[in-house]
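Let me begin by presenting the structure, written as structure tokens, before commenting on it.
Think of it as A, B, C and D in the order they're written, each chain with its own count starting at 1.
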Amino acid sequence: MNHKPGFEGRAGITRVEAFSDGVLAIIITIMVLELHAPEASGFAALWALWPTFFSYVISYNYIAIYWVNHHRMFGHARVVTNGLLWSNIVLLFSLSMIPFSTAYLGKHFGDPVASAVYAVSLLAPSFAFLCLESSIRRSGSQSAESQAYYRSTTRKGTFAAAIYALAVLLGVFWPYVGVTLAGLVGLFWIVPYGPLDSLFLRCEDLNAS
Amino acid sequence: MNHKPGFEGRAGITRVEAFSDGVLAIIITIMVLELHAPEASGFAALWALWPTFFSYVISYNYIAIYWVNHHRMFGHARVVTNGLLWSNIVLLFSLSMIPFSTAYLGKHFGDPVASAVYAVSLLAPSFAFLCLESSIRRSGSQSAESQAYYRSTTRKGTFAAAIYALAVLLGVFWPYVGVTLAGLVGLFWIVPYGPLDSLFLRCEDLNAS
Amino acid sequence: MNHKPGFEGRAGITRVEAFSDGVLAIIITIMVLELHAPEASGFAALWALWPTFFSYVISYNYIAIYWVNHHRMFGHARVVTNGLLWSNIVLLFSLSMIPFSTAYLGKHFGDPVASAVYAVSLLAPSFAFLCLESSIRRSGSQSAESQAYYRSTTRKGTFAAAIYALAVLLGVFWPYVGVTLAGLVGLFWIVPYGPLDSLFLRCEDLNAS
Amino acid sequence: MNHKPGFEGRAGITRVEAFSDGVLAIIITIMVLELHAPEASGFAALWALWPTFFSYVISYNYIAIYWVNHHRMFGHARVVTNGLLWSNIVLLFSLSMIPFSTAYLGKHFGDPVASAVYAVSLLAPSFAFLCLESSIRRSGSQSAESQAYYRSTTRKGTFAAAIYALAVLLGVFWPYVGVTLAGLVGLFWIVPYGPLDSLFLRCEDLNAS
């Protein structure tokens, strides 16, 4: 049998979503605790905070994008399988590491280790997201709309994961290149219904027809 | 098409509201972590905490007001558009900066930079709230009641944003004046159904009839 | 009109309850952050943590009791009035101060100021709870069962508030007496359906019949 | 009467579950705050964090398992009794101690006190879980499926508690043995529908038929 007792039907999906929302809401908010009000007065002391602030903006944006895509994905789910449950738990775990890796990058901007760690921390949730998608693809809705969504997500997700992996390697040798590359991938997901996505969908619709 | 998959109809609205509630509940509560129990015993050590405590009261009140107005606003929403989703994410981001700016003000009361930063941190969510309102106005309920609500909120919101902008400027030259001015704006929103609001609504009802 | 737009009917009540649950879940959990793993190894360093641990147990218990009573109370609410909304916001605020006052007591056990502050922090939410109850009594269910509940809660709440006020005064002169007195009041609420409560209800049922 | 006002029927169960979800989401996420980005750059400083990171992985996994089993268990509940309410509150309390005990273990790996404390912190929620199960068994669903679930959970839970108790004792003399033993018990619950569980269920089905 495929379903998990205590997580039956749409109610089970809703429960997993609600728990994920809780974890994401906490991850997105605790990062602000890293912003400590400077003890010294004046503009110079405040300005010294900009890397931490910038890290916070980036991380906030990433988590927000995952939250939007998480709901979009769960709109196609039908049953809570073991695969869905645990790939979701792994996804939330890997997302909970982003505050750490961004703080580390903020403290050591331009350092090869920090750049690689940062790219790894973006690679990990992108893998977990692909696992989650693969799990929902097998047990979820099989409508034409869902199929198009799965194809688009797999394509975009695999592409993103490949770029992140490249960013890990490049980050070791040219830190700024690695970080910039990893950061650019975010743009794919910020505009999930924008021109980029339409392009992907259109090609696939042609293939499917 | 206007709606976002995974956020269809009222269920989508409810989801965005629930996530916002989670973030607001965390923002409103983590501020208390800034209140550290003094190591020294006696009343003097406790009394030294009053600026931090006062900051906490102010911030708590601001976030509570936004929570109340956020729900009031979402009562008029009908679909989750990209505009609604992202202006809400920006609103939550700007609200998450209030604990920082208030702590900064608490540490440097009377400092021009701290006063300006504080006023900016109140100006930012007021802009985001206007964007959110504009997004809901276009895609939400078009009933006479909703129209009256939109008019009242736009008027009050624009007025508040103008005062905050003035407070930023004044805060640079006369810190206490800037902070006092910014703080007074809160009163508009504390009494959203009070005499002030009735006054605004009445003028508009006359214009509309 | 009495109700608040965006908080209509039972759905509005549920929303206020869900937000309160979120805040209470955070308050009850952040206290554990005060328990820092000792740097030194061995049993002595661990044992030195007992006042903080004890404080955590007490505070956890208090918040849990308020959570249970909060739901019990909201079971009788029918509409979200301004009074309900703001007395609930004040209640959550005063409860958010308990971690602070308990940590302060843990650091300065036996100090008159700490004892008085602790008793004040228990007195404040008990006042807010009475305000909330008074607001729900006026706008909520008027069934015989609800009436009995209101009478019982007012009686118990007023009694508790009086003891807390006494504990504040006594704490200034005899710290241990004040704290013990304040702590004992918790027992009333731990056993809300126990023999104590039945006694109160029985007297009132006699009066009402 | 058995039920608690304000927590009637399935809605009451859902409420207790939602609050528990909130607390679990916070516990699982605040642990990441213990991971501080190292001040020094380079791989050595990062590598020094591995015990803390490892502790975080272990604790995250434990809380995730409890979250899954908590929902599975509540799927069989029918009414909110005093026993269910308070054993759930005690369960959440004991789980909130796991971040502390794991951080303590991470700092003093191989220390007898740390090993015993760690095993005690795993023993405590396993006791609370058995109490919760016993409370739900008495007041919850009595279907054949639920009965099989209760038998399986009692057997597995008692077995786990016994191993944890043994780990406490062994940890005092051979720290590594105690911790390894306690850690291994987790495997039982990671695979709640795996081969191990089927084995248990099969034996019991034979006994029951």
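Just so we're on the same page, contacts are C-beta pairs under 8 Å (C-beta built on N, C-alpha and C of every residue); 3 or more make two chains touch, one makes a residue touch a chain.
From a predicted model like this one, the values you see are computed outputs, not experimental measurements.
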Sorted by label, the chains bordering both subunit A and subunit B are none
Give the rotation angle, in degrees and rounded to the nearest 5, that superposes the C-alpha atoms of subunit C onto those of its identical copy subunit D.
90
Could you check if the interface between copies subunit B and subunit C is built from the same residues on both sides, meaning over half shared, or from different ones?
different
Report the chain whose mean Cα position is at the greatest distance from that of subunit D.
B
Averaging C-alpha coordinates per chain, one finds the centres of subunit B and subunit C separated by a number of Å equal to 28
Return the distance between the CA-based centres of subunit A and subunit C, expressed in whole Å.
39
What are the residues of subunit D that contact at least two other chains?
18, 22, 26, 30, 33
Taking the top-of-page definition of touch, could you list the pairs of chains it picks out?
A-B, A-D, B-C, C-D
For the complex, which residues does subunit B have touching subunit A?
4-8, 15, 18-19, 22-23, 26-27, 30, 33, 82, 85, 89, 92-93, 96-97, 99-100, 103-104, 106-108, 111, 113-114, 117
Applying the document's contact rule, which stretches of subunit D touch subunit A when the two form their complex?
17-18, 21-22, 24-26, 28-30, 32-33, 35, 37-39, 41-43, 46, 57, 60, 64, 67-68, 71-75, 145, 149, 193
